[in-house]
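Two complexes, one shared chain (chain A), two partners (chain B, chain C).
Presenting the complex of A and B:
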């Protein structure tokens, strides 16, 4: 718990320093470059920039803890409100992507290891290699071209079709969940048809990583002596693999999945841009290009907090899964 | 003499490698009755591989061939996985070297023993649990209830190996292969574990194949000893007449053991000869072992 607090403090320190050393004058951004020296000084003091750095830092911590990340100069909104808006879009996409990646990647990796050198192993190898090496923007564009442009199976860019925009009351910000809460099946189908392509794409990339890691964890376990014991008992190969080996790989696998989920939560900028997905990655990138530091730092802190939370979660799962950690 | 429990002739385990075929076991033959048979040899002599071949645990690219491999007159050579699984555990079982690695670290000890028992005996969970408790008591585990709920890492090496023995004997197999069962244990608990193993094996009238590199241990513990070298049996001896060994390898092994009653300044080094690799076995032949001829 202490280490988590320290990590968070470190994160805040880094974002604070970045915010101060960036060659962007926050005062000029507010008053504009035609302001008089007096106006500039007044704003400088109003923003508290005349105080010692330490005082500023503690003020900053207080602000962050109360959810005050300042105002975005490009949207004119409070950064926290912007993030409240874009983060669920990324969360929804990342969660579905990870679900796809895990539900296919884990069994694929297990089977590839169990039938090492067999056809499934070779296929899994090629699938993962393509997943690693294919640029996502190209795959995304091709996906849109084929499944949206030619076949018309999926919805196009964006989270919803235009007629559904704003039709479902926002409760969680996750449109799939909100439309279910509202009982609006048409909206759910529409949102699903929009998310499925980018989520599959992200899922494919996490599948590539997860299946390779699963395979190598599994091979390591299958060579272990307790597996021979299980075979000596007369257990079927399925029981040997799933009941004995898989329980052991589920421990390191938790970390792999958490990291992969975390990297998707960061916002996959390219995917979000190609699919016009109004998510965190796109928000941070746009703000960065506009020199909108409060927005960038606010987004960075949210991503950092997500990583810390995921680490905490995987540590807790470790304790549940591994009797040796007690 | 009754029919042997296990009869093996000309057993070979071959691995296809890039440099051609490598034979880990080259024509091993023996009969096992309700006795304690020691298999002694150095690392790579093929003794463990022989045990694994009997259990059908040699995995591709390894290949097992034999003129005969019979369990109570019934061939178990290259049986289908499904049929072999019914023999493994229930009729032939194995205890491995180090309980630290041979027990599943994330399953409770109780679950692991119950699994081994129920797989072959079936029955209700409560009955299997009782059997597991009985088995733990039989290997002199003091608090079986507590141990049932514990995980392997909470056990000492000696306890781990007794648990392993309890687990492997729970479905009442006829043959137990013990592959270096005491090599990973402290010397102080070694005898204790061996005595437990010995008692259980004798009480149940089982056949035991005791694989070891420790000639002294095998001589004390077994009825008969096979000496293996480079994938072959070079000599078969009765444990009582070990000192009458005629094969130079066995003699060399015996001479290189330090003796308290006849201390020497420098133990002799065992010089190996290429001719041992392919020379025939000496000592009691298989035929004299089984009157009536085979």
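Presenting the complex of A and C:
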């Protein structure tokens, strides 16, 4: 636990230093281009920038330990409120994206490995290649144009249609969940029609990665001697693949999925911009460009905690999946 | 069993996704606007200085005097003040308040609120405070200078300023009248309610602030007891949509009524779309070229003259800036008192070359910093090409806006290409920065003055003329004075106004009376109606 706390502290320190050495003047962001020198000085001091960096940093850590994450200079709101707002948006999108990525990527990778060189393997290769190389910006806009603009199957940019905006009481901040809690099917349907396209897009990118990794893990196992033994014993091909080989790759696979989920939780800036999705990625990026350190560090803590939590979760899963580690 | 459930869930999910949702147009009493509103930092009128923040305050607060969205030409008109009277000596103005107007809280709008709002803005001394303090107010004297008595409010000035100058400044957002009782109930320490007002609202405007979610949306609801009558639009929703193509799709689908950040490409394709129209409106921002007088080459009068002929005005406004900018070669934007329409310069490389060779200049190299915004970089590159034809080499370093601004304020940008937006609706706003620089030394640190940033030592006669124009009571004479200053400026200044910004708003066909505020103010929703 101590090592986790140290990791988090290190992460904050590095972020803080990078933020402070960047050639961006946060005071100008606050007071604007037209401020007088006196107004500039006043803001500079109010922001505590006249203190030594070390004092600034540990002052910040002290505040965080007492639950005070500070106020964002680019939104004027408390960082904790901002994050309470942007993180659920990202969590909802990343979770659905990962679900789509896993539910298609894993079977695709397994089959591609089992039928190596076959038609599915070729398809999987092309799918992954396109996923790796296609700019998400372009793919997102094309998706919007086709499925929203031309076909009208899905909702447009934003998390909700205008009519539903603010109609569902916010409990978790996840609109899909909130609308279910409220029993408002129309709102759920609307939110789903808005999230499905960006989630599919993110799902596609994680699918590309997960399917390639699954395939190579499987190939390694399928070439092992115990597989030959199992086949010699006369086990069916399905049993060989799923019961023997797949169970053995489940641990590295959990790691891959956790990593891919973690990277989606940082927020995908471009996807968020195209789909006007008010998520963590846009929030951190925008804050960083404004030199808004309280907001950046707040966002960093959230991302850090997510990774740590995912790590713990994977560890727990290893125990369940691998009898030896009990 | 597990398997069974999840496949059912998947089926349900895909059915939901594939069912064509009903995308009707927006409700008849709701105006939905897509705009990039990520610049909002504060909604306190004493602090707000960003475009989108002013767009909100314009509609939630009223001022003593204001513009009529349906008659912008007329300039300021009575608003919360019913009438006003200038003292014989021109040193004070007394306003009579309109009776029976109430704040959103239900409290009456009193002269006391109006006076207190101005005191508050001066005492808080946030960035826009200079719009008021230029009349001689300080935190210490403002309570004596701005007083109220019954339903009248008196403003005492330190000079007999032109009435139009003072009243134009009172149309600025910082002069908004806020509800004293409500705000003070939320004050923390000596912040005069600043923290609370940053995210809340206490005005008497046509709309109430229903919600502001940073980087996501602003929601306004009509104030039913508005003194000019409640607005037709009962709800206004401004959604943060940063991407032009996303705005375009939303508009085409009828999910929004207005799209405010369209690129020329999207404007062009929307202009042929059924059910959509494009409204052009000149805004106040001037794209100009500043030649830094610390640079030996650029301070040569021949080079300054030659540069004016090396900008391909027509070529640029007909191609990559088409519809976004129009040629405008004076520092006051069209729409301002005293604006000058003269266009003395044309693109003429041959002439530029002649001017340079007559002055004995044979080549030269300049390295400048340009903000990485497509418009500016494109202008810089065409300039680079025409300068090359005239024998001058221009090297361009692209940087972020913040980096260029830092260098510019340190007087370190040799050729600055960028925009200046007026701060308030009076000609002095631009004259005082383009054509006024009393102390050109580095120590003066007049970082707010464009003339200082370009190290342009404005001649004394021009400094004096700029000040004199703020004191001229006769508006026609005053306009003439500004035109004279601009002509002299065109003849000799190293800061060269090039283009004026045009805002292209994409509107659904049924939206009427849209007004983004012209060149002098911010967007207004009260008069907007939606037809069939």
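One rule holds for everything that comes next: the second predicted complex is superposed on the first by the 272 of 326 C-alpha atoms of A that agree within 3 Å, B and C clash if a C-alpha of one lies under 4 Å from a C-alpha of the other, contacts with A are read in each partner's own complex, and residues count from 1 in each chain.
FYI, a residue touches a chain if its C-beta (ideal position, glycine included) is under 8 Å from a C-beta of that chain, and two chains touch if they have at least 3 such contacts.
All of these numbers come straight from a predicted model, not from anything done at the bench.
Visitor: Applying the touch criterion given at the start, work out whether A:211 contacts chain B, chain C, both or neither, answering first, second, both or neither.
Guide: neither
Visitor: Identify which of chain B and chain C touches the larger number of residues of chain A.
Guide: Partner touching more chain A residues in the overlay: C.
Visitor: Considering only the touch criterion stated at the top, classify A:224 as touching first (chain B), second (chain C), both, or neither.
Guide: Touch partner of A:224: chain B, not chain C.
Visitor: Based on the superposed arrangement, let me know which partner A:260 touches: chain B (first), chain C (second), both, or neither?
Guide: neither
Visitor: In the superposed arrangement, which partner chain does A:33 touch: chain B (first), chain C (second), both, or neither?
Guide: After superposition on chain A, A:33 lies in contact with chain C alone.
Visitor: If we overlay the two complexes on their shared chain A, which of chain B and chain C does A:232 touch? Say first, second, both or neither.
Guide: Only chain B is touched by A:232; chain C is not.
Visitor: For A:196, select first, second, both or neither according to whether it touches chain B, chain C, the two together, or no partner.
Guide: It touches chain C, and chain B stays clear.
Visitor: Mind pulling up the chain B residues that touch chain A in the complex?
Guide: 55, 57, 81, 85-90, 93-94, 96-98, 101-108, 115-116, 119-120, 151, 153, 164, 167-168
Visitor: Mind listing the chain A positions that touch chain C in their complex?
Guide: Touch residues, chain A against chain C: 23-25, 28-39, 42, 72-77, 82, 85-86, 103, 141, 144-145, 148-149, 152-158, 161-163, 165-166, 189-190, 192-193, 196, 273-276, 278, 282-283, 286, 289, 291.
Visitor: Can you list the residues on chain A that touch chain B in the complex?
Guide: Where chain A meets chain B, its residues are 224-226, 228-237, 244, 247-248, 251, 321-324.
Visitor: Once bound in the complex, which stretches of chain C touch chain A?
Guide: 10, 13, 16-21, 23, 26-27, 30, 32, 38, 40-43, 49-50, 125-130, 198-199, 211, 213-217, 219, 237, 239-243, 245-246, 249-250, 252-253, 255-256, 400, 402-403, 405-406, 409, 423, 445, 447-448
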